[in-house]
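Here's the structure we're looking at; comments come further down.
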């Protein structure tokens, strides 16, 4: 029913050692919580959460320790029981200092009283959003956009169906794969609850066809549920990009600068759906997630990690990294963030910790040979080589015109470039400059308008006076 | 006073000859530059003919600059320029018929040569006659020098000789493209690179001296 | 804490394809045609190939040293230019011809415009055109191969085809036993190279397919559906070499898919016009050079609409 070519562009990134082929058969293992957990209050897009505890407080597992500070923000919960030893700051993977709560583990894992939804099957949309907000759920694919914000549908928009992202198109990562394989019934149940709450009758789950067993498992679980369809997608990065996934599944195009809701849907990651199910059925907030430890780990695996566990514990659990590791990455190799400090805590959006032997600084940039590979790889149909050239000659008006703001920074162009040019990196700065310029133009126009109005008013007054 | 005038006469002359060389800096008069520069002799005669017209027209336009109404200045310039072009054309037909046959219509086309127009418009119409003559001489000789240089290179590779004197060894097979317009473009481009390099070097030296 | 860790911006993995590997692939693909040339035209063909390649590489090296630029001869692109230039010369030319040609190709056409990727015309073809216009006598006489009987006239297949297509043997055209420049004669070797490059994802099939296809159709239509004649036309001359190795030069051909189709069809059309109506017997180089100049224009008008730019969901 769907064509083979499911979205324009895309690449097939290769994997080194410790990739999907190894890790997809490693079951999810709970990682023992460490002695001390550092839970950042900013693990999501938007404002950091406001701390609810003080130094010396005793907290229980699942207790809310941070409250959303604004609409676009998310709650944060204690992932172990123990004592708050510090409210301070820590570094995140991006290298920024963020506020955090440090908890000394008492190893009792005492739960806070949990409140599962009383009538989960008949929740209203507002109740569902409230539960999701209380549970501190954010997009688990890596973007960490607060899910309740996504689920708050603007009155002029119409939600027709859900799209569930099980593509996991990043190389090396197997966290979603294992989750779909091990918890298919809960994922399907979560989808069903969402569909009930929002009065939606259709959901499409997109899974890349290199995860045939996961597709089987989900199909079996969804056999008796009406309206849920599991679609097998060809393997091509970035299949899991929102716009690409929606297009592949429905042939609907999300307009430039728009959101999936403009195409009538909301896109959720399988991990997010699983977390929603846990929150509704058991009342458990988001305090742990599945994280892949892959690449050059001595024993790669998939771990259920408490939020706030330092990377060091995960690496130790894998038996350490091999000696010739050059980069550590949080997330996938295409869009993840490199870091050096292994005391950084694992957060809600961390789908994987990878150790790789080559780094981008090991290759030299050379002149563009105009081969056009970047153009064919671009899932957004942009002209990467041309955009790079415009950024280098600082022609930002033309850059804006050819659509640089549509770049999703997936890295496909940089991956294929035979001249090894740092295209994505260049676009990131280009986008920032274009945004600033747009803002300036807007401000200037507003100022001019205000000035003109003031003048008109003055003229009117002068006329009156005369 | 006289001293000042003299120095400005020379500076205007040098400006045309070197600083604002019509071929390599202003890029004016490209049509004859590419068209007739296949032999050094053609270059020299074309250049001198242009210089003659340029000096005379500059002088007369400068003399008439306060009489010519602004609105009809272009037709007026054309009348002045065309008179001198006709003079030189008839002169060449009478005394240098062979050269005239080679240069052909390019002589008549001096009427619309942009060097002459540009100087009339931007210099002669605003300056006194003496300075205008200096400008005409400078620009004219600058043009003559550069197209002679160009045609020497083209003649050397295209025919193996300079001013008709054989330079290349006996077995040299002439590079025919040099006698065609593409060869003119290539030579002009390469010479402009050379001129720019020399200019850059010279200005760097000057700055060094000042510092 | 671990040592020697690097912080870089994503993506953290890069494809294994490099400019150097692409150019090496092209060299490998060009090898069969060169070997065929040496077989048919003898040691002199080998000498011309060697001189041409060495000149091109040296020219690039010397230029970059003189200009204090990074030396880029390691990317093998000068070798490709040298090979292509040599393949476009008859084996009888004096040995100084490839030297002048190599210098023109590398210095004049490639380096002065900014080096690899910045030249707006194909270096080897431009050099060939300059040589052809300058020394038409040397460049325009094609020797017969070593395996042809002396009695056979040395007219090129193209010249014969126009009047008497039946007398040209298709098999000879395919294996290359016919007069021509040293790299163009053996069409099978060229095709094999082309298939290798397509398999290695170096070459986009669209330009050669549209080039050859449109030329074939035009010859077929104008000859009153003389199939034999049209087939021989596309196997004669340097059409194959040009379509597969020179029209597809990255720097001088469009990047978008539609642009490549337009480019290929345009080449085919101009080739047909030159062969059928113009004075030159062969129009391959000039058709490609002409389309090279149109490439920026084609690129501009065939730029893709970005995903979600216009179309709204229905």
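Residue numbering begins at 1 within each chain, and the chains themselves are lettered A, B and C in the order written.
In this section, a contact is a pair of C-beta atoms (placed from the backbone, for glycine too) under 8 Å apart; a residue touches a chain by one contact, two chains touch by 3 or more.
All values derive from a computational prediction rather than experimental measurement.
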* Trace the shortest sequence of touching chains from subunit A to subunit B and report its length in steps. => 2
* Among the chains, which has its CA centre at the largest distance from subunit B's? -> A
* Tell me, please, which two chains come out on top when C-beta pairs in contact are counted per chain pair. => A-C
* Asked: Could you name the chain whose CA centroid falls nearest to the centroid of all protein CA atoms?
  -> C
* **CA centroid of subunit A to CA centroid of subunit B, Å** => 68
* Centre-of-Cα separation between subunit C and subunit A, whole angstrom -> 47
* Asked: Between subunit B and subunit C, what's the gap in Å when you average each chain's C-alpha atoms?
  -> 41
* For subunit A, residues that touch 2 or more chains besides their own -> none
* Asked: So which bits of subunit B are touching at least two other chains?
  -> none
* **Residues within subunit C bordering two or more other chains** => none
* Asked: In their shared complex, at which residues does subunit B touch subunit C?
  -> 173-178, 180, 182, 186, 193
* Structure fact -> Given the complex, residues on subunit C that touch subunit A span 1-2, 4-19, 21-22, 72, 75, 77, 114-118, 204, 250-251, 254-257, 303-309, 311-314
* Asked: subunit B touches which residues of subunit C in the complex?
  -> 108, 112, 130, 133-136, 138
* To do: Spell out the residues on subunit A that touch subunit C in their complex, using ranges where they run on.
  => 8, 11, 13-16, 95, 171, 243, 247, 252-258, 262-264, 321, 325-329, 333-342, 354, 356, 358-363, 366-373, 375-376, 379-383, 385-386, 402-403, 406, 411, 414-420, 422, 424-425, 428
